[in-house]
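Just dropping this structure here.
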Amino acid sequence: MTPLSGYLLVAALLFSIGLAGALTRRNAILVLIGIELMLNAANLNLIAFWRYGPHPEALTGMMFAIFSIAVAAAEAAVGLGLVIQIHRHARTTDLDKMNRMRG
Amino acid sequence: MSFVFYVLAALTLAGALAAVTLKNTVHCALALTVAFAGLALLYLELDAQFAGFAQILVYIGAVAILIVFAILLTKGSETPREGVYSRNSLAGLAIAASVFAVLGWAVIESARVLPNETAVPAVTVLQIGNALMGRYVLPLEIVALLLTAALIGAVIVAMHEKEETK
Amino acid sequence: MLMQSDLLLLSRLDFPMPPQAWIVRWLWLIPALPIAASGVISLLRQPRRKLSAGLAVGALSLSTLLSLAAFMHLLNTRELLLHFGFDATAREVVDFTWIQVGTSHVDLGWVLDPLSAVMLVMVSFVGLLIFIYSIGYMERDENFTRFFCFMSLFAGAMLGVVIANSLLLLFMCWELVGLTSYLLIGFWYQKPAAAAAAKKAFLTTRVGDVLFLLGMVWLYSQTGTLLFYKAGAGAIEPAALSALLAQHAGLGLTAAGAIGLLIFCGAAGKSGQFPLHVWLPDAMEGPTPVSALIHAATMVAAGVYLIARVYPLMAAGPCACGSTTALIVVTWVGAFTAVFAALIAVAQNDIKRILAYSTISQLGYMMAGLGMGGAAVGMFHLITHAFFKALLFLGAGSVIHGCHEEQDIRRMGGLRKAMPLTFLTYAIGMLALCGFPLLFSGFWSKDGILDAAKHWSVAKTPFYMLVFGALLTAFYMTRQVAYVFFGARRGKEPAHESPRVMTAPLGILAFFAMALGLMGTPAWPWFRAFIDGRALSFDWHGFLEPGLFALMGTSTLVVFLGLGLGWWLYGRQSPAPEEQDALEELAPMPWGWLRHRLYVDELYGVTVIAFYSWWARVADWLDRRVWGGAVAGVAWAFRGWAQFNRFLDTNWVDGGFDKGCEELASGGGLLSRVQNGRVQTYLRILAAGVVALVAILIWSSRP
């Protein structure tokens, strides 16, 4: 009998960990990994609220999560393709070295 | 909090932590897979079986593989000279910590008003299919379009360019 | 300018007169015509000799005719008045308001009375003759036009002095006369001596004029008017005089006496009385007609005329001795000047300078005559002197002209044969000046003065001084004539007679030098009667006045003594120019003093001029250092202020603006550093924003 807040906390923590990874790692792919973690945390939130919500039979939450998964997959594909292309161009995936867009 | 929940939560979080802290990028990808798996199990715990399996199929089966491929293609397994953490990574850490603090605070603050567990919903694949084709047909089609675009885009982006004569 | 014609008749009883004659209303034309001619000549662009000479002579001729008309009118009036048994001091006055300030106003006007009438005739007639003479004398001068312009201006101004009824108008014309004198003395201004002489004349007469002005201002403040005659309210009419006599002015003088003395100072400057005589001999630097007109006949006589004009003021309030302080001073100064100048004239060698000192001496006579005998006595000598002194000067000019601009008498001689007309007229003039008995006017006029001196109640010394002066006059004139006309020719070139245009005026003047005497004989003292307004009849018994024959004899004796002495020393031989003067051999030291004009000029140079130069240096220093320093200081302060402002502007205003822009740019630069191109930084900022937003959201939704 787990209260909702437990799931929410887990999701929050997961989100933070993903954010930390995105903000602190040098490698661009690690940033993408962090982003995936954040997305997953959001999905968990959605599913948890669906389960504990008033009308689970409406399937709203789950549908949302499923679509989220689909979109996340698409985004991961494009993003990684971009990283690969950047790596070809700059010979590195180090984010600290990519500051050509500097103002 | 049930025992299962704790274990699954610990598994997920451990995997996530490992995913962002390990030096070897491939290890990170593998840890990520563990985290995905934990999450899938959590979905199952939450009686969202379809979501759980979809998670396994898509995330573990596609995204994680994709990440591994990307790592391999970008020589990500090499540890950079200056270390794995970027400049001012402590600032990032602090920010992430503050995000967690805020979110945690929100959750705890609203713990009173959160609803309690209800009866297990009877969710069948038939129902999901009907919902997909009925109520959510438009998002479905749009997602299909999106996936197509993403596919084409990823191919184009990651394609080898022809050698240009300078 | 309001024209109010007043008909004023100063007779003992009211007499209904016909309306004012046209000549009195138009009397102002007499000075105005020559001044207008002068103005026209000055505007001529090219020198036009005939036109300028014609204008000047024509204007003055018209003035002469108008003066004669005025004289005739006055004679008629006199006849009319005497016929009805009234006192014939006919005086017709026209006054007008010149400046009006609120209720107070300054009046000017002109007066026609016997005094002004005789002066008008004399000045205009003698002036006319001299103008005609100048046409010949200045013929070869290139500044012919300018000469006539100035001379005409002078003539107009002098006539203005004569007819002025207001002391202010008289002073204005007085100053104008002084100005033209300056211009004419310095006519050949390229000569430094001439320029210096002009300056000296102007400055010396200025000293007198300042005191004159003081007297004028005092008179105005006491009496409230400067008009001489104004229906009983004039400044020298009895009402004003009694007010002046009541006032005491210190030093034992009344206001009348003090004012009279101040006015006399002005007259002394103009008429060359000691000690302001120093300018007259130097004024001989001007052309000879100028010397004749201005410094013999008219301008120098203006001082005498002024005293005669204000005679009621001078003679107001006689003391127990019978005369007033002012008149006593006038007499003594005149007598002293007469002797002083005559002594110096003895030892001069320039033909014009001898005549200049002679003029000073005769002016002294005139002043003494005024002081002792009254206006008529002094004026008679003035009129006769004008004619024979002008004659002498014009003759000297003729001599200079004939001797090719030689002026030293030691280089002349024997001109009697070469220039007979000049000699004849000059001799007539010389004898008139000496006072040769009976035939010559000078005798009668000088005897009139000696007569007044003999009967003067205050002292007898002036009489003896004047007699001695007559002796000296005869002596030095004989010396001059002997040197110039007699003896052998000492000059280099032969002399020639002057043209008719020059000798004709000489002849006319010579005639009058003799004929005017008839106006003042004791048997028929017409001049005195005319001036004083008394009835007259020819009476041989006039000669039987007690002491008269004695006086006539004394003066005749003195004249012959002087003539004889002069002839004995100079007439018999003809010394060469380098030789010593005969008198010098006899008395070398006095001769030396007299030759150096008794060192008066040197004394002035050491005292007055030296002080003045020192004062001028002080003033210059003040001007340069103190006032100039003040101005420079102000300029420096301003420059400093301007520089300070520039500093402020550059550094603070501009700098502030520049700094602001710089700060803006660097701020922009700083801000752009946020865009460091690193994705993770952006992400971090994003996340931080999320934190903040969520915190706010939660915080705001707490119950």
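All chains are identified by letter, namely A, B and C, in their written order; residue positions are counted from 1 within each chain.
Everything that follows uses one rule, which is that contacts are C-beta pairs under 8 Å (C-beta built on N, C-alpha and C of every residue); 3 or more make two chains touch, one makes a residue touch a chain.
Remember, it's a predicted structure, so these values are computed and weren't measured experimentally.
Peer 1: If you count the C-beta pairs in contact for each pair of chains, which pair comes out on top?
Peer 2: Looking at every pair of chains, the most contacts join A-B.
Peer 1: On a CA-centroid basis, which chain has its centre farthest from subunit C's?
Peer 2: B
Peer 1: Starting from the mean Cα coordinates of subunit A and subunit B, work out the distance between those two points in Å.
Peer 2: Centres of subunit A and subunit B (C-alpha means) sit 5 Å apart.
Peer 1: Can you give the whole-Å distance between the Cα centres of subunit A and subunit C?
Peer 2: 124
Peer 1: In angstrom, rounded to a whole number, how far apart do the mean CA points of subunit B and subunit C lie?
Peer 2: So the centroids are 129 Å from each other.
Peer 1: Please list all residues of subunit A that touch 2 or more other chains.
Peer 2: Touching at least two other chains: 19, 22-24, 95-96.
Peer 1: Counting only residues that touch at least two other chains, what does the list for subunit B look like?
Peer 2: In subunit B, residues 86-87, 91-92, 95-96, 99, 103 touch at least two other chains, as defined above.
Peer 1: Please output the residue numbers of subunit C that touch at least 2 other chains, ranges allowed.
Peer 2: If we look for residues of subunit C contacting two or more partner chains, we find 678, 680, 683-684, 687.
Peer 1: Under the touch definition given earlier, write down the residues of subunit B that touch subunit C in their complex.
Peer 2: 86-88, 91-92, 95-96, 98-99, 102-103, 105-106, 109
Peer 1: Where on subunit B is subunit A touching in the complex?
Peer 2: Residues of subunit B touching subunit A: 1-2, 5, 9, 12-13, 16-17, 19-21, 25, 28-29, 32, 35-36, 39, 42-43, 46-48, 50-51, 54-55, 58-59, 62-63, 66-67, 69-71, 73-76, 80, 82-87, 89, 91-93, 95-97, 99-100, 103-104, 107-108, 110-111, 114-118, 121-123, 127-128, 131-132, 136, 139, 143, 146-147, 149-151, 153-155, 157-158, 160.
Peer 1: Over in the complex, which subunit A residues touch subunit C? Could you list them?
Peer 2: Interface residues on subunit A, with respect to subunit C: 19, 22-24, 31, 95-96, 98-103.
Peer 1: For a test of understanding, state which residues of subunit A touch subunit B in their complex under the given definition.
Peer 2: Against subunit B, subunit A makes touches at 1-10, 12-27, 29-30, 32-34, 36-37, 40, 43-44, 47-48, 50-54, 56-57, 59, 61-63, 65-67, 69-78, 80-85, 87-88, 93-96.
Peer 1: Can you tell me which positions in subunit C touch subunit A when the two form their complex?
Peer 2: Residues 672-680, 683-684, 687.
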